[in-house]
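What follows is a pair of complexes built around chain A, which joins chain B in one and chain C in the other.
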Partner chain A sequence: MSDPAPLTTDRPGQVASATPPARGRSRRLSDRGLAVAFISPALLLLLAMSVFPLLWALYLSFTDYSATRGGPAHFLWFENYTAILASAQVHLRALTTLIYVVGAVALQTVLGFTIAYLISRRTHGRGLLTTLFLVPMMLSPVVVGLFWRFMLDAQFGVINSMLGSLGLGQVEWLTRQRTALISLIVVDTWQWTPFIMLIALAGLTAVPKYLYEAASIDRASEWFRFRTITLPLVWPLLLIAVLFRAIEAFRLFDLVYILTSGGPGVSTETLSFHVYKVAFLGFNTGTASAYGILMVLVVIVLTQLYLRYLNKLKED
Partner chain B sequence: MRLATAAMLVATTVAACGGGQDDGAKASAPKAPATIPELTKDPLTLSFIWFDWPPAHALEAFANAEYKKERPNATIKVNTVPNANWHDAMFTQFAAHKTDFDIPILDSQHIGEAVTNGNILDITDFVKTNIDVKAYNPYLLAAYGQFPQAETGKRDENASLYGLPLLGDTWTMIYRKDLIGDKPPQTWDQMISVAEKCQKDHPGVSGLAFHQANGSDAAAVTYNTVNGVYGGNLWNAKTRKIDGVINDAAGQEAMDVLVNKMKPLTAKGSGNWFIDEVNAAVAQGKACIAFNWIAASGGLLDPKQSTLGTTREQILDKLGFATLPSQKTNLVPLGGMGMHVSAYSPKANQAEALNFMKWFERADIQKKWAAAGGVPSRTDALESPEFLNAGPFNQVYTDSVARMRDMWNVPEYARLVDIENTNVNAALNGAKKPKDALDDIAKEQQGVLDSGSRKGGGGL
Partner chain C sequence: MAVSAHEAVSPGPVRDHTPPARRSGGRGRSVLEVALLTVLAVVMLFPVLWMIETSIKENRDVYAIPAKFFDFKVTLDHFRDVFVASGGGPSTLSVSFLNSVVVAGVSTVLATVLGVPAAWAYSRFGVKAKKDQLFFILSTRFMPPVVVVIPIFLMYRQAGLINTQLGLILIYAAFNVPFTIWMMKGFVDEVPPEYEDAAMLDGYTRLQAFRRYTLPLLLPGIAATAVFALIFSWNEFVFAIFLTSSDNVRTAPPAIAGLIGGTTVDWGLVAAASVVFALPVLVFAYLVRKHLVAGVTLGAVRR
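Coming up: the complex of A and B.
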């Protein structure tokens, strides 16, 4: 009985020679067939759970279909899209979402990077500190929303109680226009700063030490080392973290639902929350599908622009 | 491989396109039989869906204790969801044409949406054969079952019925006898001045506590109540006119009273308060006068949840319950819910559901339900000692029945109430001027009612 032929060679660049099927394997099942057999369950699952709903939503977005009213779906072509793009209600939610995304992601980036930088300079207890900082990220957003809702309650919340003991007045965190949006940003920052911190920490750890040693020999200042070594090397990785966070923040729903229900009025209603209302209050499935598709398009376009900038940065 | 993948994508797209065309749902509700079909002898679970609050748990305990005596093979399960998800939880299942519940407990205003979509059974013939309709105040029977909606205070005997009353409810005024005296204020204006004086005399206690949140129907019910009391109307049902009706002079006065006279008497940060928060404020002695649903007021008498006393009697020495003060009219909000039969439930379960409804509406069972903490709807039960002695607020309900007014019971209800909720909440929290909020309500709600022929963008 001969040994099975190796699939790789010891010499790099040399392609393994094609081998006949092992004895006992059906002649009908080629390597390619086997590969297809292995991949197809995952592929079918992906098609059923991801691709099909996306295509279905795309189709519905051109119709006046309603999930509850039933009846045939009539084609409206782009009328849902034009109505959404022209709607003052949508513009208002887009502005709220933009303020939220910029505010939350900027704050998380500054804080996350600062914490990562400080942790990276420690030699002892780095692992423990990192683990502790990561705890908020591991909690469910609904749980986070619920306990922050209690903490921010104007009458019974611990935050106002602390402010009161310092002699400061009560703040209506969740029921005033400005403070409600700020509260959302703060809570999201509390939960997701660790994510930026984690990525930044990975970047900071990967900076070669010899660069700092060379800079020390040249008697470069701390600020000079940070500006010319640390930041340029960590920046691309940090930008990817910012991209992930921006996409997540763009589709924020759960915190809004739990903390403010979009209020006061609709002043903290984000685009995702508005889509939910269109989809489930009036069951305007066609409009909601078009709204969702437009949100996906916005994310794709912005991501492409962002990635191009990132590539350019790397090339430079 | 690429070709195969592309072919599958095309196939799924074609399948998707085809699916929508033949999904021709029934435009109206299917009919339930006039007589109850033969019931199964096999074990059966009869499932309800409601939101999570004390009456839901009371119903499950009561039904399992009493209904099992007649139908030992039946188990009652009341599934609950958070209040804010109640509508979505029922109607997303209706949309799938498959429900894990047999008896949806719908708010009276949900009936139109469910009937139009064919989600619940038409029980008109069943009611004629099995229910003594004369035993009820006609408006209660109409509010929890009739569609198209009845005129306030009446029932159209020619209209179809799609449900029967499960739990009656309305707002009660809860007042601190130790702070404002034993006699409750009789008019709305008087109530405001009493609350104002109480707040001034008792630092740390707010004059008023009421629903202001923008979830569910919280802020909307508050405005609708004040609107009714000050002689306003929500709409003209015959002409389907809202703009010019809700924001007429009476409507403007009601909004002014709510935002400029009542809101300043509430606790700071109470702009997102709903049932639980109002109850908490009362139980902790933080409000002189509060408004809440009767069915949610039972917890106020629990010494474990209250700082007003260590016994129920001590709490009742301080708390009084009264019907709402009147002003230009004496209208009060209609609350409560009816029970209906899911059109997608198995036949055996539908038969059991009809049997349960017939059983539940019996005079003796209604009295037992009252004694168990429920709010019945039959007049004899409402006037029975079992009900009137079961809670200090039950007399309030009996006295309020003839004064009730409901909101709109139309398929567009969910969107109408959201518009009103968000705008009233905005006015109460300073995000909009009261007049602008009311005009926006009128304009946006009218837009929803008129949007039948609009192409594209429905629901925005």
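Coming up: the complex of A and C.
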């Protein structure tokens, strides 16, 4: 504290290196004050709007509180948690969510990477192509959901109309158990393929040209080049994109709400939609909170994974 | 699996392009690739085009079976209905658009005012456990909205913030602050700290040095970041539908979603409202296209 010199060698990027020694101390102190003054308002907002609500949810998750019944909450401790973890209903939703997340993210990754690869091989019109492909991603899930609902409509929908003119049968996209989940996956894929494409493209354009040139001097086959140069260099970035999408897909609510409302039956009820039903239709606030906390735990694990890879990517 | 996704949306052409000219040298392959890209682009853009087309179709043609692709009657009635109520005066939709402008605008300003200084401080100073703080900040952004909305709902009920624009503004700002900090930290990192050092040697205080030398250089980055925050707030649906209920507070996403509540759905109106709603987003997204990679990954990945 008394001697600023060793501090500056610890952190070479530190601004303090240019400070004259006599004024160093007071400057550093005012810097600290400035840092606190600049950071704390943002942190306070986050504490009030994110951390406090979650802590409250954590408290409620141990009680039998109901938002409509009111009255004092009784402590149940882990009863809500055991009930949820043992519930066959929840297991079914978890399976639906898993199918949806894996299906949608896998499809997006394959398609998005393919498109990015094709675009990266073009020399002309790259910018225009990229811009066009990005449109779905920027739309609100509400708009996307509504619009696909119209297009997939069994009676007036343009998809069935096209199938009809091809001589194929009509499909009840959103009103049959099996097709509804597929429709959900297709719509999510349509919206988020551009996301994977955008990031894959960033990775692909960053691959140094000379690597390919060296490989072509060695007469390496196209597939060999792709497998040994392109994929290893793009993979870390692609993994980030995939994890990001997985978290987002796991949290997804709006598209389900608009497109199918979880139906028909419960065939498209994901975990987040089920939480909503428990909380806002069943008004079992305590149970819903426990359910939510469990979901938050999953998100935290996924986020940690994401941040770890992100860190790795930044350090390289 | 990948192919079936296409067939769900596009009619025949996918099939024509696959096998025949695989190994006929560079030219044939290049043609194949362009063809494949074209097909994919058509598939990706068709729903958007169909939405625009539906928004200018006469009602009779909207519900035509089989669907009419080209020979339909053009009308702007749906767009008029978006803004003008049937009895004259502004429609509930146009009120909701105005609400969206207010909520998205104010929350973006709030997030920017809180986030930019914090980003600067994180970039410039040796804050304790900086990495942990930054990761904590980003992870609040990943919380599932449906889960967060339960305690927020109870909290707002206590505080009288249910069904108010202020409530939405606060929660949107809280969701945009992490993004703003991460995104802006990248921009601040790009400005050499030596500028501030030099200014301080000239006798300016640190704060003055920030205001006079760093801030002007950050303006393009601030603009891009604010545009993304604006888009996020503009598109947000989950908080909007649970925290607001009356027409004069409600933002556009729940209002548009409310159009399909009844027994019959006026798809022409839905399409027109969607077009009006999506247009500003596309324009804004185009303006910040250089920063899209950073923007859509919440500032985590930079090119």
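As a convention for this text, the second predicted complex is superposed on the first by the 272 of 316 C-alpha atoms of A that agree within 3 Å, B and C clash if a C-alpha of one lies under 4 Å from a C-alpha of the other, contacts with A are read in each partner's own complex, and residues count from 1 in each chain.
Please note the rule applied: a contact is a pair of C-beta atoms (placed from the backbone, for glycine too) under 8 Å apart; a residue touches a chain by one contact, two chains touch by 3 or more.
Everything numeric in this text was worked out from a predicted model, so none of it was measured.
Student: A:Gly265 contacts which: chain B (first), chain C (second), both, neither?
Tutor: first
Student: Please indicate which partner A:Leu92 is in contact with in the superposed arrangement: first for chain B, second for chain C, both, or neither.
Tutor: Neither chain B nor chain C is touched by A:Leu92.
Student: For A:Leu211, is the partner it touches chain B (first), chain C (second), both, or none of the two (neither)?
Tutor: Once the two structures are laid over each other on A, A:Leu211 reaches no partner at all.
Student: Can A:Ala67 be said to touch chain B (first), chain C (second), both, or neither?
Tutor: The answer is both, since A:Ala67 touches chain B and chain C.
Student: For the three-chain arrangement built by superposition, which of chain B and chain C touches the greater number of chain A residues?
Tutor: Counting residues of chain A touched by each partner, the higher count goes to C.
Student: Is A:Phe280 touching the first partner chain B, the second partner chain C, both, or neither of them?
Tutor: Touch partners of A:Phe280: chain B and chain C.
Student: Is A:Leu76 contacted by the first partner chain B, the second partner chain C, both or neither?
Tutor: first
Student: Based on the superposed arrangement, let me know which partner A:Trp56 touches: chain B (first), chain C (second), both, or neither?
Tutor: In the superposition, A:Trp56 touches chain B and chain C alike.
Student: After lining up the shared chain so the two structures overlap, which partner does A:Leu239 touch, if you call chain B first and chain C second: first, second, both or neither?
Tutor: neither
Student: Of the two partner chains, chain B (first) and chain C (second), which one does A:Leu139 touch, if any: first, second, both, or neither?
Tutor: second
Student: Under the contact definition given at the top, report the residues of chain A touching chain B in one complex and chain C in the other.
Tutor: In chain A, residues 43, 51-52, 56, 60, 67, 155-156, 257, 279-280, 288 are touched by chain B and also by chain C.
Student: With touch defined as at the start, can you tell me which chain A residues reach chain B in the complex?
Tutor: The contact residues of chain A facing chain B are 36, 43, 47, 51-52, 55-56, 59-60, 63-73, 76, 79-84, 87, 89-90, 153-156, 160, 170, 172-177, 257, 260-267, 277-284, 286-288.
Student: Any idea which chain A residues touch chain C in the complex?
Tutor: Residue list for chain A touching chain C: 11, 13-15, 18-19, 27, 30-32, 34-35, 38-39, 41-43, 45-46, 48-54, 56-57, 60, 67, 106-107, 110-111, 114-115, 118-119, 121-122, 129, 131-143, 145-151, 155-156, 158-159, 161-162, 164-166, 186, 189-190, 193-195, 198-199, 202, 206, 237, 240-241, 244, 247, 250-251, 253-254, 257-258, 272-273, 275-276, 279-280, 285, 288-289, 292-293, 295-296, 299-300, 302-303, 307, 310, 313.
Student: Where on chain B does chain A make contact in their complex?
Tutor: 1, 5, 8-9, 12-13, 16-17, 19-27, 84, 87-88, 91-92, 94-95, 113, 116-119, 213-215, 267-272, 280-281, 286, 411-412, 414-415, 418, 422-423, 425-432, 437, 448, 455-460
Student: Over in the complex, which chain C residues touch chain A? Could you list them?
Tutor: Chain C residues touching chain A: 1-2, 5, 8-9, 11-12, 33-34, 36-37, 40-41, 44-45, 47-48, 50-51, 54, 62-63, 65-67, 114-115, 117-118, 120-122, 124-127, 133, 135, 137-140, 142-148, 150-155, 157, 170-171, 173-174, 177-178, 181, 193-194, 196-197, 200-201, 205-207, 231, 234-238, 241-242, 253-254, 256-257, 259-260, 265, 267, 270-271, 274, 277-278, 281-282, 285-286, 289, 292-293, 296-297, 300-301, 303.
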